[in-house]
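Chain IDs A, B, C and D follow the sequence of writing; residue 1 opens each chain.
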């Protein structure tokens, strides 16, 4: 249950306040150059504590590769990576040891597992996503060999929507904003909520360029359904759209269909996927995040004994979780595409013959 | 790739214009009463050709159970069900033998598999979903034993939105409309598009009542991510929301968090899921469908040789695919919940001890 | 639990006395010629009732392809095949309705599932293996494209061992005997046991020629461990050896190691597998079968209420189950190799580049 | 491909001469006391360098738990364990950098992955099995809660066979010998081979007591087929028997069938498994190991360029690999049984009702 993917498959482990988090990436074809600095740079993008828009938790997020790489190349054996936790500070949580935090998973974890790990989010913490970013970096290295590039950015904050999508800009924006023109307003909304001890939600757009036709394995391993699964598995995600998503539900078929000409599709409402298979256009997904549940206001709750309480959280949290979510969404799309790339390799007898001669 | 689920797992097979479609349902606990009439009645709900809002293809969709049931009860062995196709009429497709239909999967299937099955949607046809409905009916029988009930209905057609949700009414509505007050307007929108040789999109709401706390297996088998996958795998689905979905991205944390009191959660913005695990509230998902791609107007396209063509489809198609999609969405949610019910059975040592004494 | 394989994956269904048995074969690359007559001929090889060495149950075992094939070629979608049961005769079992048959699975099925399907072996019957043979025939068609051929035969009956291995001869032998020189003695042993209302055991040798280097996915999807699993899953199998098997445990390393020269390995004690990966030599496995548990002598047993009884079976059974087991073992090896062939296609970045250019 | 099990599932990583090896154990029910000292003691049993019968490689094999345990109990989240390598000494291998070692996996790894990791066995080294033993220790802790105990020992060395099976004695024997009466002869055979720069093979018997009726998920997740797979996946294993194994192939049905009386089965030829499901008797498997391929004599081989060479290995190797293999076989049986225990929990509707009330 802690693994994802079929052929390019990763497994993550670790809790926010345990010794370490990490992942095991299985199915990486042998001979791929594993650029450790690149993996670290991806982690650095997601790393908390860099600016006032994220939690103040300080984590260096130094990744260590334990296996699967020899002389800089993947060997075909599992690549294990570990990130030791530095700044756990579980004392922050002592005052809510027995109290369920509204909007949090501690309620459901407690009743599912019968265990109360009061030290913080535990396994449900967004800290786990660092392991995904490490795995995703390996996926990106593979995709790059085939000219596939994945990028993501924040498209909406507290209802303030980007009008244009500049993925290059998003890489340098503190909040991964796609549109410099609205970035300041978006930032202001975050800080305003933060000052009010509150939080805001938003949306992330993820796009892959260079995806060949044919990725996706219908009926139950379609590219869009696996992307939906991958995106919805990210902390705080509440909705996923493919291509124009909801918008096309209000169009007529004649308006929505992507017609074709010699030069290719004349539009890309579909987000690059037809029948669960990539059609060669950009693959596009949008992920919607709820406002961070950890707010510093009084809220009604109950404790593990069922008593009503008033709870006021302390601690360190992102006022806008979708920002760092953009890096995670990028990783998840890379991981899905890498898996699909491998799976599709045997779709035709002809392809198989290319390999076995 | 044609299987779904881990412990309660089904596999489907069959194409729209082949001999038969069907499914194999594996992991059904032994001793469950298998009500064949109920399974048939579920298929009848989805069956085409019943009214002017659906395709005129006539299929009796008679299901035959081939295995796994003895004296009316499940035996623990796989339940295979088959539905023979009656009204294939592949002649309908002769005029577009080599032409890709805009918005259709024939383009991607051709390039992925190198095979041109010109007889219709083939495997990508919504006809495949009949097999899901049969499997879903078995899942519903299991869920019923634990007081879990799944219902769905159409919540929006061509931008016309239901104001209230009457799941009982949806069962008798020709278009599975949830709100009788807007049903006529919704129907009119469908017929208007149909007359214009066009089609409309819409949305379906699915809800499960009676779901116990604890279903969902984080991190990569969360209830919400598996629901997202399941819903997005339905033909023409382009977006999935959990609970209030996108709406909460525009709220603050203080507005969105479902606070708790002795009597339970004070709201259900989350749609019954926290951290990927059910919290005991109604599980709610919304699925958005694009307008049916099969329209009867002239469209630009290309053929398999790359020549530009103008295509005008003939044939029989739903002008509003989301209607019958409601029955399928219901089945998919039942299938996900049945799987989660089995998976969660061993989450605690304590549960295991109840079984092995 | 009723599926086998990861990429070339089949699912079987059906019981000995139900309506039908069958399989769904998933992952077959598109464009493979599906020779239905060949599939039927494979089933004919396994078919019961052909001579005095097998059960007298008469089954035509006519296979019907329901999906996945268009104009004689695989389409990349699941290939479903069904075989309707003709000669169930469940009346044979009425006298032992409540009695456990020694050496049979009815005891364990009853306690595991709480269901008593008294009509015969049900799902545990060797009848299920017809579905494997149908799936295995598709695997063989795929392997043939790559010059891989699988053959099997009976190597030992009741302790009477073949001295030489003639796989061609085995195809025409009534008991699939590999050595014509001992066949008569082996047949005599079977008939002698049959006349004594008893049964005998034996062993089957399976061999694949033309297997390329590289098949097998260590550590937990090794070629030898998957072959062991596949062979042990056959009814009545009690031991599996790879290559010379047990014999090499009594040799020294210096005697056992397959040394190498320019022309290749100088011996094949290993049975073509090193470290779980094929080495280009013949892949060899031996499967040992217990004597058929269904004998027609008085035996001590208990009934489902726990009462002691004396049971004397009636009915129709193979006095030597390993004979038809040879055909099944062949199918299982083909199925494992087909899966491994697909899985290995992405072991190297270089292979992937051949496909995606 | 580096994961094993479905519900109780472990993934291993690491190479013999890399930084670390380790495992991630998923699916452990929450609330299980995780006795770290016990896990370490299991590793100590397998640890090399303890006496003259094993390799002189010195490894402390200190295990560190990184996640999944809180206040001494499993939390339901994945348990990651890591063992850092101390004594890699890859210089040992410099003289055979380009030469394939007869009987070794370096040949097949090179051609499968196109990578030459000359530092030693790499991923194919028996060192990987330490990770299995760590995972197996967790499985044993779970099984113990249900009264299930697994034990193993060496039953044969170089043809010298144990006459009786004393599993208690095996725990204190330097070679895990089951029969003290033949232990000295077995040890002498090992040392004699060692002095001749050669190696010997042998067999291990594994037995589980207290296994409830019902474990095993036919048809393709049978207890015996999964045991066969698990055992055959151990380095150097070449054959697996269940119960009396090959011996029963030479018996008649009337001699082999385990008849039943009120007090239970009157014999256990079947090794506790009928139809792939445990029958309540001791589960018994025998694993046969080839002689260690690493011998210190001149052998014919080729190098990676295809040139013929004469190779004489140096380094540190077990002259009798089956000894430590006994500890691994024990771990693998525990892992299979733990998985089966969880899987069987939902075999009956009745069991499910015990959990959900």
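Keep in mind that, in the parts below, contacts are C-beta pairs under 8 Å (C-beta built on N, C-alpha and C of every residue); 3 or more make two chains touch, one makes a residue touch a chain.
Remember, it's a predicted structure, so these values are computed and weren't measured experimentally.
Peer 1: Weigh A-B against A-D on C-beta contact pairs and write down the one with more.
Peer 2: Between A-D and A-B, contacts are more numerous in A-B.
Peer 1: Centre-to-centre on C-alpha atoms, which chain is most distant from chain D?
Peer 2: Farthest by centroid: B.
Peer 1: Please compute the C-alpha centroid of chain A, do the same for chain D, then give the distance between them in whole Å.
Peer 2: Centres of chain A and chain D (C-alpha means) sit 38 Å apart.
Peer 1: Which whole number of Å gives the spacing of the CA centres of chain B and chain D?
Peer 2: About 45 Å, centre to centre.
Peer 1: Centroid of chain A to centroid of chain B, CA atoms only: how many Å?
Peer 2: So the centroids are 26 Å from each other.
Peer 1: Can you tell me which residues of chain C touch two or more of the remaining chains?
Peer 2: 1-3, 12, 27, 30-31, 76, 109, 112-114, 123, 343, 347-348, 350
Peer 1: Is the chain-to-chain touch network here best called a line, a ring, a star, complete, or other?
Peer 2: complete
Peer 1: Show me the residue ranges of chain A that touch chain C in the complex, using the header's touch definition.
Peer 2: Residue list for chain A touching chain C: 6-7, 27, 29-32, 74, 76, 142, 145-146, 212, 341-343, 345-356.
Peer 1: Where on chain A does chain D make contact in their complex?
Peer 2: 1-3, 9, 11-15, 18-22, 24, 26-27, 30-31, 64-68, 70, 73, 75-80, 82, 109, 112-115, 117, 119, 122-123
Peer 1: Using the touch definition from the top, list the residues of chain D that touch chain C in their complex.
Peer 2: Chain D residues touching chain C: 1-4, 12, 100, 102-109, 111-114, 123-124, 128, 156, 158-159, 193, 196, 198-203, 213-214, 216-222, 224-233, 237-246, 248-262, 266, 270-271, 274-279, 288-295, 297, 299-302, 306-308, 322, 343-344, 347-348, 350.
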